[in-house]
Amino acid sequence: MFDGRLFEGWSEKLTRRLASGTSRRGVLSRVGLALAAAPVFPLLPVDRSRAHAATTPRLTEFQKNAQVTDDTRCNYWRYCAIDGSLCSCCGGGVHSCPPGTQPSLTSWVGTCYNPADKRSYLIAYRDCCGTSSCRQCHCDNTDGALPTYRPQANNEIIWCFGTSSMAYHCSTAALVGVAE
Amino acid sequence: MFDGRLFEGWSEKLTRRLASGTSRRGVLSRVGLALAAAPVFPLLPVDRSRAHAATTPRLTEFQKNAQVTDDTRCNYWRYCAIDGSLCSCCGGGVHSCPPGTQPSLTSWVGTCYNPADKRSYLIAYRDCCGTSSCRQCHCDNTDGALPTYRPQANNEIIWCFGTSSMAYHCSTAALVGVAE
Amino acid sequence: MLCGLLGALLPCTALAAPPPILETEESNTAVMPKPNPHWLYVGTRAGGVTIIDGDTAKIVGTINAAPAAGFALAPQGKEYYVSETIWTRMNRGTRQDLLSVYDGHTLNLIKDIELPGRLIASGRTPYFSTSADGLRGYVYNMQPASSIITIDLAKRNVLGITEIPACGLIYPHGKTGVATLCADGALADVAIDASGHGRITDRIPFFDAQQDPVFEESPVDRAGGQALFITFNGMVHPVHLGAPSTLEKAWSLQQAAGLSPATTSPEQTTWRPGGRRPFAFHPGSKRLYALMHEGAPWEQKRSGTELWVLDTATHQLVNRFTLPTSGYAVGVSEDNAPLLFVLSEDGWLWVMDPETGKILRSLRDVGRTTLLATDRS
Amino acid sequence: MLCGLLGALLPCTALAAPPPILETEESNTAVMPKPNPHWLYVGTRAGGVTIIDGDTAKIVGTINAAPAAGFALAPQGKEYYVSETIWTRMNRGTRQDLLSVYDGHTLNLIKDIELPGRLIASGRTPYFSTSADGLRGYVYNMQPASSIITIDLAKRNVLGITEIPACGLIYPHGKTGVATLCADGALADVAIDASGHGRITDRIPFFDAQQDPVFEESPVDRAGGQALFITFNGMVHPVHLGAPSTLEKAWSLQQAAGLSPATTSPEQTTWRPGGRRPFAFHPGSKRLYALMHEGAPWEQKRSGTELWVLDTATHQLVNRFTLPTSGYAVGVSEDNAPLLFVLSEDGWLWVMDPETGKILRSLRDVGRTTLLATDRS
């Protein structure tokens, strides 16, 4: 169920960024965890292991209860690994930060199953930062969430790297590609 | 039921402070509200109007339910006008600040009725300041509590004047005299 | 369907066109929609001012604010103002008293205006307010002498300090008028000149500050200069704010409902106003909304189990609404099709029809409310 | 009684000696009592570390801490350390990463040691810890390169930075030993010299970091160097930390209870470990305490409905305690008459007898726990 065009669109950005200069490569080689600080999209390994064939999905508890219509509820399909307040409840949207906040330049990533098209997608969870905490619609979903030694899948880090303020406000869930 | 000795002991401090220099008097005349910034005891008007004769008390709702044995509960008699966390629940005591905090040098004041001896006492509510909020045993009693234009009876002000930090931690209730 | 017709020859899923793959998305930041009079501004104990659209009961945005902040709006929501105190090291370091100016469209910080001080207390409307035209800001200070700090909001600087000995709180009216309340139970008119300096010009004693004080959150229509100072017992003292201010005939909330007026007697259990912000006034209809509970004196912060609707022209009770959960703060939008807002101690916002009391919408987890504001623009 | 004998001649109250008038009081500040091993240190989401005496379930004191702080103790509670990040203007201004040192007797701030950085995340034990003798502090940093900042706690200065590429978290042992966990499922030994600089010396791969990772809050006895790295599925990997560290035979929590081992299959509903801090280890008795719930994989933060007691020598379940409210974090005092502590998501502390599971004492409104610490002194 891999869609080459869209996924390549996403990985193309990745490749462009990787080629954008020696200094960044220098940083990346030190990071080692495929985690980058500054670019618009985070540098991520593709999560192959948790992808599901469309025909025979073995669903997690979250996936069994996931819905595709209301992005202000914790069981909206994209929120499979979100930890925090939903920006959809705070004046933002599923991939939009509320006014007065900035999206983090890095993010953690989940692989979520969309019950409508039975595909799995890569979701970048970007924190929105800069203003008093929203405190609405708090969710703590943990499908595929990993400890800090796998930071790109960790939802407890305040992911406000690269923003002018690290005050946590809420979290978004942008679709960044199809999981293999 | 006025006890001259004890009350004079308290008012003596007051008088000493009033006589302690021109500069302080200059401040006091500007304040007008009988509120002082620095000394150990706050400068207070005696609350005559809310005192009760021991023989025929007309009790407020708080006074009817007040008890004299457990200073970690909101209905302890001295807490008739307290707003905040009880320091007795936070590692301090009824007139002691918990470790790492400082008592405010000024305070708000209540007149509370002691059901054990049927006397009314002046209670100085001093905030303890300097460390993260305690959050235990929150009470909001309002017997005789007045708006900010009567600050000496106001329990919403953060009374951390004169301490090195104004971070609110909890509130104490020191007995400072007998009400007339 | 073709696969159905073909029966078992091909499974249906194999022939149906697969749904299109969802498109990838960029992250961005929303801006504020055009303000409307049904927006409600709610300050909470934990900090932050939440903006909620009463027409949807959804959050539109959040303005950053420290705990114990004050809040005010420019007309038409062009700017938002937060008065706050921040230390360089959280609970230690250098104290900074600030008036933080936010852009109404982006909610981005425009400027921190440094203040010479401010009272730090659980946020109340008359600790920080603006003139009716929004050109001047007034910050109440007490450290420990009482004063008003006047700010030029257009030039973004502090004009000056006016001492108001033995008085406190700020009730601006019109372009430059300011009233305050005093420890002896008087209303005082304060004249503040263009340099921010001034003095008390008049004093009108009208209440017993010790036995039956007026609520700090007494409602004032800044544009019209109409104030309703309401005592703990429920006596309404209408005052036309001006230079000098003029007092009108007082009336009783209980008498408006056909009851005896409340007294300070501990034995008298009756309906009394109470809560964090017990009153809201709608200038167009001259209606007063009051959170009421049954109880004894000195329970002035107790939440209301009912919301009373009163006609301030006839001094009559128009309606009584039972609340779903006890109300802690009430607000009413200032337009001609108003919405009524009740915040409860347990964190609910109830959006109500002011004519019928019907719950139109609700929002939970709003947090413990301190400030509540609406704007007519 | 005289008044009784005199009967109606005089009312009893007129003759009885009036009770003495209560004495006036001075305000003062308490100091900390002598620490004992039954003290529990609880960090909360809202900030602050609360010290609770398990023998009374009462608060002894509170150490100031910003949200997302780390916490560590000097031996015998002589000093307390908070690693925290504070901006000069709350949510704006200059970032300050600090290791704040508090006196154990007065809880007064002794010094803020400025740090070159730290990871800002919901506080976890292996983000900030000390050597077993308390002479060195280690702060985990990731911005975005992973590193360990080593602090000389006696001299109160930063020694140096050791990069640990592709690894994270800090598990100190002994005087100078440090282990870390890596993205590829290995444990790495880190040698850090007296200048605070160092490198990874050994790597022992032992778990699948993607499918069945080990919990961050896996228990480690720093003094003895005994670690129990436990996976989401409940496989216990005993490691003797050293230079190099050595791996012992793994065993399953479920098998210890006579069940099949848990797998990553979504279809398998079984007893699984979970919570904010699901494990506590008592070095003296070699017993492991684990918060367990019935559920599917990928619910690793779900609170435990039961607390399991396991013998780590025999790999046998010793006891199962049903909890009054679901447990979020567990701790056990390190003395020979230990107390068991369970914090619940709804803010309760349950103090339990580790032998019987009996609730000895409780405290409510503790707040949402992040960190939990005990000390053997």
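By written order: A, B, C and D. Residues from 1 in each chain.
Operating definition for what follows: a contact is a pair of C-beta atoms (placed from the backbone, for glycine too) under 8 Å apart; a residue touches a chain by one contact, two chains touch by 3 or more.
Here the structure is a predicted model, which means the values were calculated and not measured.
Taking each chain's centre as the mean of its CA atoms, D is the chain most distant from chain C. Rounded to a whole number, the gap between the C-alpha centres of chain B and chain D is 38 angstrom.
One simple way to say how far apart two chains are is to compare their mean CA positions; for chain A and chain D this gives 29 Å. Averaged Cα coordinates give chain C a centre that lies 42 Å from the centre of chain D. Of all residues in chain D, those touching 2 or more other chains are 64, 90-92, listed in ascending order. Touching of two or more other chains is recorded for residues 130-132, 167 of chain B. Interchain contacts (touch definition given at top) occur between A-C, A-D, B-C, B-D, C-D. Partner chain A is touched in their complex by these residues of chain C: 13, 18-32, 46-51, 58-65, 102, 105-108, 365, 367.
Taken in their complex, chain B has these residues touching chain D: 1, 3, 6, 9-10, 40, 89-93, 95-103, 114, 116-117, 119, 121, 124, 126, 128, 130-137, 167, 169, 172, 174-178.
For chain D in complex with chain A, the residues that touch the partner chain are 68, 85, 87, 90-92, 95, 119-122, 124, 127, 140, 142-146, 163, 165-169, 180-183, 209-211, 213-216, 265-267, 295-301.
Contact residues of chain B toward chain C in the complex are 27, 30-33, 35-37, 47, 49-50, 58-63, 106, 130-132, 140, 142-151, 154, 156-158, 160-161, 164-167.
Residues 64, 66, 86, 88-93, 96, 98, 109, 112 of chain C are the ones that touch chain D when the two sit in their complex.
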